[in-house]
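Two complexes, one shared chain (chain A), two partners (chain B, chain C).
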Partner chain A sequence: MRRGAGPVLAGLAAVAGLAVALEMAVAAGLIGGFVVAPPTAIAGAMPKLLFEEGVGRAFLVTFASTFSASALAALVGIPAGYLLYRHAWLGRAYENWIAALFSAPLILLYPMFLVIFGRSPAVCVAMGFLVGVIPVILKTREGFLGARPVLVNVARSFGAGEAEILRKVLLPAARPAIFTGLRLCLIYAMINVVGIEFLANLGGLGFLVGEMFDRYDIPAMYAALICLVLTSTLFYALTGRAERWLGGR
Partner chain B sequence: MPLRVAGVSKTFAASDGASVQALDDVSLEVRDGEFVSLIGPSGCGKSTLFQIIGGLLQGDRGTVAVDGNALNGSRRDIGMVFQEESTFPWRTVLDNVAFPLELAGLGKAEREERARRFVRLVGLDGFERKFPDELSGGMRQRTAIARTLAFEPRILLMDEPFASLDEQTRILLGDKILQIWRELKQTTLLITHNITEAVQLSDRVAVMTYRPGRIKRIVEIDLPRPRSSEIIASAEFGRYVGLLWQDLREEASRGMADAERTTA
Partner chain C sequence: MARRTLAIRLAMLLALWAVWEIAARSGLFYEGIIPSSFLVLDSMGRHVGDPVFYGHLARTLYEVLAGFALGSAIGLAGGIVVGAHRFTDEASAPYLHGFASTPKIVFLPILMLLFGAGPGSKVGMGAFSAFFPAVIAVAAGMAQVSPVHVKVARGFNASFLQIVRKIYLPSLVAPAITGMRLGLGVAIIGVLLAEIKFSDRGLGHLAIQHYNFFRVADMYAVLLLTFALAVLANALMGRVGKALLRRPVPA
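And then the complex of A and B:
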C-alpha cells in the first residue's frame, strides 16, 4: 500500500519547528543555556561524539544488548504466552502475578545481576530480557484469546489439524497483539539497558550520556541523547518491517 | 441418501447448574441434489444441530451419516458456512477462497486458478486482491460461501449465512445461491429463521419447534424451477409463507415468552 511522503514531511516539519522554537527560547534567555543546549550547539557537538567519543561503538553496544534481550524475550515469551492460553488453568494461575511483575521497578534488581554476571553487557541483556519478556507473554496470551472461535471452526471444518490451526489461524489472528508486545518489549528493554549502562558504567550510549554529563559537556550530552532516540526509532522501524514481512498489514 | 440425520439429541449444562435441552430426537434426510431448509425460531437449537452435522460438536444421542457412512474423521463430506462473520481478515478474497485448497496441499498456481473459478461463481471477480475489511457484509459472506464451495464438499451446510444482511441484499443473494445450486447441483441444507428465504430457495422446508428443538413438520415447496426472486410476488408463494408462519408463530411466541421470563 502506498502511503505517500506527506506524513513523513509533516513529522519532520514538526521536529524542525520545535528545534527552531527551542533555539529561539534559549537565545532569548527564556531557558537557561546551562540546562538546555540550543539545537545548533547540539548539532555542533555531533562530530566530536562521532570522532572522539566513539558514539558509533556505543550505539553498537546498546543496539546489540537491546536486540539480544528482545530476541530472547520473543523466543521465551511467545511460547510462554501460548502455554498460558492453551492451558486456561495456567493462565488463570499466573496472569495476575506476571502483570504485577510488569509494574514492579525491576531495574532495582540490577546489583544482583552485577553479582551474578560480573561487570559485562550480560547484565544489560539479562535485565532487558527480564522486563521485556513480560509484555510479550501478556500480549501473546491476549492475542490468542482474542482469536475468534469461529475462525478456528472454519479451519477445523476443512479438516485442519492442531498444528495447521496454530500456524494458519491462531498465529495470524494473534499477530497484531504479539507485535504490540514486542514493541513494548523493545521500549522497556532499551530503557533498562541504557539505565544500567548509565548506573554501572557498562559502556554503550547510556554510559556516554553519563560521561558527557560528568564532564558537564551539555551539548554533547544532548547529542548522545539524540543518538538514543534515533536508536529507538530504528527499532520501531525494524519491527514494522518484520511485521509486514510476516504478512501483516 | 446423501445426508441422514437420525435421532440426534443434545443437552447443555448451563453455568448455573441447570441444563438446557437444545435438541430432542431430530431426524432429517436430504436427497441427492436437493435443497432443504431448516427453519426455526431464535434459540431453538439450529446452530447446535449445524455443529453436530458438521462434526464440530458431539451429540448425546443419534447419528449423522453421509451416503450411508457415519461421519468420521475424514472431512471431505460436509462443507460448512457459518452464521457469524468468518472470513480471515488477514487474507485477501482469493487467499480466503484458496484456504481449503492450501490445506489439501495444492500448489500455489493450481489453487489460485481453482479459487478464481469460485470467486467468479459468487460474482466477486475483480475483488480477488481485496481484503475483507474493504468489502461489504454481503461480499464477505459470498467470500465465505465461495471458500466452502472450493472445498467441493458432498453436502453444503449453511447456518443463516445471510442473517446479518439487509432484506434486499438477502433476496438478491438468494438468487445467486439458486444460480450456483443449478450450476453445481450441490446437495444443500440451509439453516435459517427467514420464511421468505426458505420458500424462495427450497424443495422442502423442515420446521423446528422451540426448545427442545424437534422437527415439527416438513413442507414440500411445489413451486416451479428454475426460480427467481420475482416469484415472491406470486399468490402461491404467499400461501407457502402463510402456511409456514402458522407453524412457526406458536414456536416463536414460546421462544419470546421464554426470553421475557429469563430477563424479568
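And then the complex of A and C:
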C-alpha cells in the first residue's frame, strides 16, 4: 500500500498544534502548570532526564527484564506447545484453559509475586514470563497443527524419526506462527514489566515515571512518560518488522 | 474423549493444590509467604460474609462501570470521527497504536493531578483504558463500511443523519461490541491497579492493605476473589456481545 506524506505531516502538525495550545493555556492560567506541564518545560526537563536521572540505564533495566522473561517463556512455551500438539489428549484438556488465561487479568495477581520474590526485579521477570508464555504455547501448538499432514507422512515413510520430523518438517512449517507467538510474548511482557515497575517502584522506565511524580517534578514526569510512549511505540513497530523478517515464509 | 479430559483436568488441579500445600508446610519458604490453602479458603469465607467487603466491592464496581461507560462512549464517537476519512485514520493511527501498546497504569499520576486522589482518578483510569480498544475497533470498522451502500443511499437522496443511522451504525455494531468487550477487560485492570497503587477504598485497596500489614492469607483471598470476579465480568460481557451479534440487523 502506498502512503503519501500527507497524513504523517497532518499528525505531526496536530501534535505541534496541541503543544502550542497547551503552552498558551498554561501561560494564560487556564490550566494549572502543576497539572499539565507546559511543553517548553517538558523539553527543558529532557536533558536532565537523559544525563542525570539515567533514562538510558532505566531503558536497559526494563529491556533486561522483558527479554529474560521472554527467553524463559520461549524455553518453556515452545516445548509445551509441542507437547500439546504431540499428545492430542493433553491438547484437548488444556487448550481451553490456556486460552482462558490469555484473556484473564493476570497482572492483578502481582502482589502475590511481590510476597514470594520480595521487592526484586524477579517480580517483573516472573510476571512477564507468566503473561508471555501463554501466547507462545498457543501459537506454537497452532503452528504445528497447521503443518500439512502429508508432509509428516512422507517424512515418516522415508524412515525419519520423531526428532528428524520435528527438525525438518514441523519446525519449518510452524516457524511463522511461533514468531507471531514470540512477538505477542515480547509485547505483553514489556507492558507488564513496565506496569509493575511503576506499581511496585522497582527500577526501570516505569519506576522513573513514578519517581518523578513522587518528587513532584511534573515536567520531568511528562518527559519520562513521553520517553516511555516512544519506546513502546518503537518496540511495537520493531517487533512487527522482526516477525515479518524472521517468520516470513 | 470427554471423560478422559475431565480426569486430566481434575488430576492437574489436585496436583497444583498438593504442590501448594506441600510448599506451605515444607518450611522451605519464610513463615507465612505461602499460607496453607485452608487458611486462604477460610479467609475467603470470612470476606464474603463481611459487609465491609461489599463496601469495597461497591466502590470498585462504581469506578469500573463509570470509567467503562465514559471511555467507551468517547472511544466510539472518536472512532467514528477518526475512521470517517482515510486521511484522519492514517494520520492518527501511529499515535493511537503507540498509546495502545503502552501500559496505561503509568498515566495514573496525570489522572491524579487532574481528578484528585479519590474515585475520580480511578474512573479516569478506567475510561482511559477502555477508550483505546473502542476507538481502534470502531475506526477499523468504519473503513469496512461498503462505499457502495453509501453511494446508493446518496443516490436515494438520504440525508447525512439518515446515512449515519441506516448505513454506518448497523455495520458498526460488531466492531463496537468487540471494542467494548476488550475495553471492559482493560478498564477492570486499570481501576484495580490504580486502587492498589493509591486509594482509600475498593478491592485493590483492600488487597494492598492486607499486604502492608502482612496478612498474606487475607491478601491472597482478596486477590483470588477479585480475579474470579473480573473473569466472571469478562465472560458475562462476552455472552452479552454474542447475544447482541446474533440478533438480526434491523434493515
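In this section, the second predicted complex is superposed on the first by the 165 of 249 C-alpha atoms of A that agree within 3 Å, B and C clash if a C-alpha of one lies under 4 Å from a C-alpha of the other, contacts with A are read in each partner's own complex, and residues count from 1 in each chain.
One rule holds in what follows: a contact is a pair of C-beta atoms (placed from the backbone, for glycine too) under 8 Å apart; a residue touches a chain by one contact, two chains touch by 3 or more.
As the structure is a computational prediction, the values presented were derived from the model and not from experiment.
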{"item": "Chain B versus chain C as contact partner of A:L114, first or second or both or neither", "value": "second"}
{"item": "Partner, of chain C and chain B, that touches more residues belonging to chain A", "value": "C"}
{"item": "Touching partner for A:G206 - first (chain B), second (chain C), both, neither", "value": "second"}
{"item": "First (chain B), second (chain C), both or neither touched by A:P172", "value": "first"}
{"item": "Chain B versus chain C as contact partner of A:V154, first or second or both or neither", "value": "first"}
{"item": "Contacts on chain A seen with chain B and repeated with chain C across the two complexes", "value": "none"}
{"item": "Residues of chain A defined as touching chain B within the complex", "value": "148, 150-151, 153-160, 164, 168-169, 172-173, 175, 247-249"}
{"item": "Interfacial residue positions of chain B with respect to chain A in the complex", "value": "51, 54-56, 74-76, 78-80, 82, 84-86, 88, 90, 99-100, 102-103, 131, 144, 147, 151"}
{"item": "In the complex, chain C residues that touch chain A", "value": "1, 4-5, 8-9, 12, 29, 33-34, 87-92, 94-95, 97-99, 101-103, 105-110, 113-114, 185, 188-189, 192-193, 196-197, 207-208, 211, 216, 219-220, 223, 226-227, 230-231, 234"}
{"item": "Parts of chain A lying in touch with chain C, wherever the complex brings them together", "value": "3, 6-8, 10-11, 14-15, 34-36, 89-90, 92-94, 97, 100, 103-105, 107-109, 111-112, 114-116, 187, 191-192, 194-195, 198-199, 206, 209-210, 213, 218, 221-222, 225, 228-230, 232-233, 235-236"}
